[in-house]
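Structure incoming, see below.
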Amino acid sequence: MAKAWSLNEVAQHNVASDCWIIVESKVYDITEFLPSHPGGKQIILKYAGKDATAAYKPIHPENTLEKNLVEVKHLGFVDENAVAEIQEADANRKKTKDELRMEQAKLNKPPLKRVLTLQDMENVARDVLSYKASAYYSSAADDQTTHTENVRAFSRFFFHPRVLRPVSQCDPSTTILGCKSSLPIFISAAALAKLGHPLGEINITRGAGRTGVIQMVSTNASFSASDIAAARVSPTQPLFFQLYKKREDSEAEKLVKEVEALGYNAIFLTVDAIIAGRRDRDIKAPFVLEDQEKEVTKQQPSVEEPQDEGEDTLGTSGALVAANDVDMTWERTIPWLRSVTNLPIVVKGIQCVADAVLAAEAGVDGILISNHGGRQLEYSLPSIEVLYRLRMQRPDVFQRIEVHVDGGARRGTDILKALCLGATAVGIGRPFLYAQSAYGDAGVVKIVKILEREIVYGMQLLGASSVRDLVPEMVERINWQPELPMLAKL
Amino acid sequence: MAKAWSLNEVAQHNVASDCWIIVESKVYDITEFLPSHPGGKQIILKYAGKDATAAYKPIHPENTLEKNLVEVKHLGFVDENAVAEIQEADANRKKTKDELRMEQAKLNKPPLKRVLTLQDMENVARDVLSYKASAYYSSAADDQTTHTENVRAFSRFFFHPRVLRPVSQCDPSTTILGCKSSLPIFISAAALAKLGHPLGEINITRGAGRTGVIQMVSTNASFSASDIAAARVSPTQPLFFQLYKKREDSEAEKLVKEVEALGYNAIFLTVDAIIAGRRDRDIKAPFVLEDQEKEVTKQQPSVEEPQDEGEDTLGTSGALVAANDVDMTWERTIPWLRSVTNLPIVVKGIQCVADAVLAAEAGVDGILISNHGGRQLEYSLPSIEVLYRLRMQRPDVFQRIEVHVDGGARRGTDILKALCLGATAVGIGRPFLYAQSAYGDAGVVKIVKILEREIVYGMQLLGASSVRDLVPEMVERINWQPELPMLAKL
Amino acid sequence: MAKAWSLNEVAQHNVASDCWIIVESKVYDITEFLPSHPGGKQIILKYAGKDATAAYKPIHPENTLEKNLVEVKHLGFVDENAVAEIQEADANRKKTKDELRMEQAKLNKPPLKRVLTLQDMENVARDVLSYKASAYYSSAADDQTTHTENVRAFSRFFFHPRVLRPVSQCDPSTTILGCKSSLPIFISAAALAKLGHPLGEINITRGAGRTGVIQMVSTNASFSASDIAAARVSPTQPLFFQLYKKREDSEAEKLVKEVEALGYNAIFLTVDAIIAGRRDRDIKAPFVLEDQEKEVTKQQPSVEEPQDEGEDTLGTSGALVAANDVDMTWERTIPWLRSVTNLPIVVKGIQCVADAVLAAEAGVDGILISNHGGRQLEYSLPSIEVLYRLRMQRPDVFQRIEVHVDGGARRGTDILKALCLGATAVGIGRPFLYAQSAYGDAGVVKIVKILEREIVYGMQLLGASSVRDLVPEMVERINWQPELPMLAKL
Amino acid sequence: MAKAWSLNEVAQHNVASDCWIIVESKVYDITEFLPSHPGGKQIILKYAGKDATAAYKPIHPENTLEKNLVEVKHLGFVDENAVAEIQEADANRKKTKDELRMEQAKLNKPPLKRVLTLQDMENVARDVLSYKASAYYSSAADDQTTHTENVRAFSRFFFHPRVLRPVSQCDPSTTILGCKSSLPIFISAAALAKLGHPLGEINITRGAGRTGVIQMVSTNASFSASDIAAARVSPTQPLFFQLYKKREDSEAEKLVKEVEALGYNAIFLTVDAIIAGRRDRDIKAPFVLEDQEKEVTKQQPSVEEPQDEGEDTLGTSGALVAANDVDMTWERTIPWLRSVTNLPIVVKGIQCVADAVLAAEAGVDGILISNHGGRQLEYSLPSIEVLYRLRMQRPDVFQRIEVHVDGGARRGTDILKALCLGATAVGIGRPFLYAQSAYGDAGVVKIVKILEREIVYGMQLLGASSVRDLVPEMVERINWQPELPMLAKL
């Protein structure tokens, strides 16, 4: 019979060279795993020798630890006293100011019928989310310029609407990579949905199934690809898979074959996030929360040890480089992926015309023009601007492969602009994260319904009965900058 | 003798499948009419089994119910007790915060002589109007971008004024569709003027008659076309009619012939509003008012029934699609309209050069470049920008038909810019709604006088003695965005 | 012996058809003069039957009433009791809030050494001026767009400075219409300087004389042309005269000959202000002041007499049209002016390239590109933009006549930009009004000194030793809009 | 034995014509030196007859007074009583509000690990610096337009990132003027570092040495060139010297030879600051501080003596012109400098394409495109815009000489944009001043580490493994202005 550990015994193993943690009453020795933790070792060491359940659960798919059992050693369970002590500590824990704020916000949450726009939904979510989750979801690279400009860029495209065209029969549906979609949109992959709601990505799967739109599932989702496949509303509900390719081809091949077997319908190979994004707001969130709890005596030592001068953060970045394939190439990686799967392949993260052309020549099935929601390279051009340049400079590409786009679309009109310029469909990411955080799968359905209304309404007023009627002549890029309403609390 | 109903008897019929209402002491069974109510059935059901007079009157022309007597059954009058009870309930009703605010605002309303500009007039009106009316008048599609840009676009056109030209004799009058007008403007159709003032559109008719400008009357005006015709200052005062064509040609033909018989002088066929506009501010107004009345306990149920996920609002839209002709075409609709009337025909709602050319080829008498005050398709180009493109790309169109424009003009200089670019006249809409709301017909006259002064003043300083002297060379579209004063509380 | 009037006797004549006023103890019957008062009759009727000295003095040159003795009848003086009563009333008068504010502001006025920029000077003046004067000086047409853009336009011109050029000897002086000027600037005419300081334009004359710059004197100055000529620091101090031509050539000829005889050195014929400017802020000033004094009971009658609907203000405008020549032409007016004077002639108020070319062809000595400080036609192009177009489109004009520019220059760099583009000199208006209001002639000198420092400093850093070294290649019009610091309280 | 002076004796010599001061217990007669003091005589006269140590020390390198012993006479030391009195006065002095604010700010200074960006660093420094130092460091010419636009200009350049390129080996190092640098940046010269920290420029030397980047040392540094050379981490640590050439060639030659002998590696000849910069914020700082201390009685004399009208400030400017060579030329100065040194020569302060071409033709080794951080000529084009024009108009220059750029770079992406356009390295100035002020040499190291992370991260996401992979095609100048976060308290 396995040993039952006391809290005291576990607490002895609290350094990097000898590090145990407790997750849901199980005791693990993670000493060997520490250096390769994708999120860096610092974040784990805070829980060395302690119960880490609260921090672990909203981020990791179930059985994540079990899947690393080469490096992670399961040492058995804690004893009964430990269970009680953990529960009591949890119950007695004084709520933080942020938790109290959230509780109040949840009481005041408006009924769904008051949510008329995607911005309304984001506003609700930003109120009810923890500061940490809100900062993670909303954060983007550096000063968030590309993130902000993704949204603003759409405002520089205006319509040439056509009148006196019959539009009583208006059909917004389309086909994406061979799959039917009720609308010319899909749900862009976004990780860590559990941060906002216990059912996380599952909410999205259910909402997508009920409304006939397609979800793209991230390698880094907080549920596993199989959990999500299992949550489909019907066995034929399509799903796309966003692949973060690991350095080892074999490891990546295993993952691709797994999702193909699970019935996923396409592989989106991520090429714009070969190294870990670094987002100031996200990184600063713990400082903000710390200050919030602190009493007025803010006196701190102002001199620091030399190792605090930046090496640490470069180290985290290094860890992730180690995990992902930083040396992918057009010549090597695309043929390899083609060789291991029969699914359609889309290159996700195209950011300039030259690479769109290379993709068409490489024989993939599509591209997703995307800058990762502004979360990777600051000053990458807004996605709709890249799409526009592709339309102006290389219209032939649209004949050869499917062109998709994501980043910044928040209105039906945004989606219609992209379609006029030649996009097959537009990915929507953060709005679904916010929706499921605030209202679970009902929120996801609501987002689709809002967009359906806005898209159909826009098509009719543009004089279009089907997505085929949306043509480049209906859009003009203007040479001034419209005045926009204040964006939500960026 | 007809039965006199008690409030209690009426109150039994309070569901969609059996729905009675009271309007000005008359009892109606509107069960059959409910599904085809242009504003949706939800809004009526709030009054099922009750007195609906206060909600009904400011929106509907008189006898609207009587005109639907196929579907609406007049069941007789309420009894005397009911009349007394209704009056007492009305008298005892606690005033809402918005009503108290309005009362105070009316006491503080400045004398007309302090109103120097159209913006001043709007400011006064926004103070004295109910929140609901203010939201309805000021609202526009989505984020109000086209609405805002309609105004801002004028600011990118500057003058090349000419000096040392004799201008002591300066005549701003012109001819619009064969009718004399004291100024190169007309009053664009706007519905629901009764929301702001009991005399509604009648105020505008009287003010227009006294100042020699022409009013365009909406199919959806809160007075009937004949009431308005009867209110003319003289029998020859010209009026234009804005036609919302119903699906049934025969129904539309009847209406056209009616207004022709009433002496209206032109038909403006609306083509940019085939489906009902959806304006967030307008839709949110009841929520805002509700919150305003509510005490601090904002606790609400945060989960909702599934039918709240968007279907409802699509439903309302659907109802209106059912009423209007969504399948008009150049080939069918224009010849049909020509065949049923001898009046000049103007296509209202042209939003791009291509359709302006089609209109000229279709043989209509004129076009009105308009995006419905930004209330229909968000990101339709600002009207003055469309006019500018037409001047640059197809100057021949101005030789073939009259070109009018509306949307965003708030100053005499705005009107002069449009005239320089080739417009015959400029429509002004909301400012007249605001003016009649705040000061009745005196407000309407004031708007015309302000514009007269601004137009004459501008013509003289431009070196123009008549509208013929206003030429394209006098206007330059600049390539920067001037800094504008804050717009009124959008 | 003339009759001495009692206040009571004068007070009987208090209507438009029988209107007396008292100015500096003299009694005038102005009944016949009323209709032709350039400022409108309304403003006088407030003082009908009363002492008008306080309102009259800061606006009119001395003896203005005496000069109109055909229409104005001098009836003699008030009696001794009246003098005492007027003085006592003046002494007992409760100070207005604005007067109390001014007194406080004067106590806090910073020493001149703290005034480092023209903006600093304006800030001080805006504090110490009466609200009425401040509104009059700062006001411009409509929404002040041209006024604001005059200033902003300069910010779109950047320098290409040249290095490694010898600049130890740097001479900013130039010659304007044959007169030496210590700097390439002149003082643009501005009326009503007495509103800000009892010595008004005389302050400017003295300051200009002490620093070697040239003052342009307005026909509407609050001192007469001869008073100003008499105030010159030396008999050879040059002065320019800004002519508002009256309708009657003979009247205008008399004025031109008078100023020529007084030794003025050039005539600037005003062509951009043939009708009276109408500036909202100025017109609203009395309302603002009235509200400021009023207690909280703001209840006002909201209905007004019909004559309040705009006719009044058109009437004022009409009065001024009657006085000025609204029918000047290139063909008639320029030859006439040439025939009555030997002085150099400059056409003031050129606002487009076409008229600049006409001026060169008409054989005048120069033009002043100006939009009257944004006070006449709203949306006239900013002056520096007109200058830039002239340089790009018709560089030959600079060879044929002197080109001057005013409007919006507030920094030495602004002046250097205009000179690079070909201007001979730049007019500065409001800053001198503010300076003399705040510090008398010392303020005027300070402005010149600030500009001298900024101009010399800028020339040296541009690599220019004299104004001839400033060439078009040193300036580039950029295609973005720099961010500017907040402008003063517009 | 030299006389020991009492405070009373020294105090007799307190006028310009007989002026003594005490610095660190030594008594100097500076009467003859006064007129040639680079900072103007006014600033010294405040301490005439008094102890000037506190004002003198943070600005001057040690032994500055001793180096001027021709004009400055060392009269010996004060006596013991004087030493005690000075110390006591210093101890009893009531702290100013600004000093109290600084003390509090230092207590609240965040640990270095919270400083994630250069902006964070500036924010900390602006808190802990004296108002005077902060105003001096942050100030720029006139309205700070060029300073602000230096930063904003970078935001108009966006990337065309390339994907699927191997970047696991990413090397950001480069060679500048023959010296190895760990990053493609150098530390631009900035004077008066001691204002922010007692170790001033020495902090920068140490931090640069520890991180492998190169410091440029100003002629006006608050430590001498030899002190800084002596502070190098290793004898081979490279240093650049920024030369302000004095009028006398011999004096300048002496200085150049001195720094060459000290082992400096290049001479940057300053050509954009031949006259003293004048920065309003800096000049106004004493007024701000004075007002801060003052009680509410702000009553001041509003009339001033005539000499306050501007002459004074022009005089200061004149003094500096006297010291520097204002008559340098391409023909004379470059050959002279080449003749006196074997070091590489860079012309610092190129602001237009024409002068970049002249520099290439003059045979120097490089240019530094710079507008002196916006501190000299207002409306000089932003540096990155000049670099862009050079790339577009004269790409050949990049083949002939090294092109460097400084001004406004605050992010790794800014640096990468400049490198794509052809710059060899980018100078960073103010951020290092702020960093050493807030955290000494640890702050300097932190800045380099932040930039290293941002540069490497950006290169990898751009698809670049070395600085050679950064090419013009990777950058596009967009035609709109992105919305930027609020800049720090300018």
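Going by the order they are written in, the chains are A, B, C and D; count residues from 1 in each one.
Note that contacts are C-beta pairs under 8 Å (C-beta built on N, C-alpha and C of every residue); 3 or more make two chains touch, one makes a residue touch a chain.
Being a predicted model, the structure only gives us computed values, none of them experimental.
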* Asked: If you list every residue number at the chain C and chain D contact, are more than half found on both copies (same) or fewer than half (different)?
  -> different
* Asked: What whole-number Å value describes the gap between the mean CA coordinates of chain B and chain D?
  -> 62
* Structure fact -> Rounded to the nearest Å, the gap separating the Cα centres of chain A and chain D is 44
* So which bits of chain D are touching at least two other chains? -> 479, 481
* **Chain contact topology (line, ring, star, complete or other)** => ring
* Asked: Which residues of chain C touch chain B in their complex?
  -> 142-145, 148-149, 152, 156, 271-272, 274-275, 278, 280, 283-284, 287, 298-304, 306, 308-314, 317, 321, 326-330, 333-334, 347, 349-355, 358, 376-381, 385, 479, 481
* Using the touch rule from the top, collect the residues of chain C that touch chain D in their complex. => 106-114, 116-117, 155, 157-168, 411, 413, 417, 439, 442, 445-446, 448-450, 452-454, 456-458, 460-462, 473, 476, 478-485
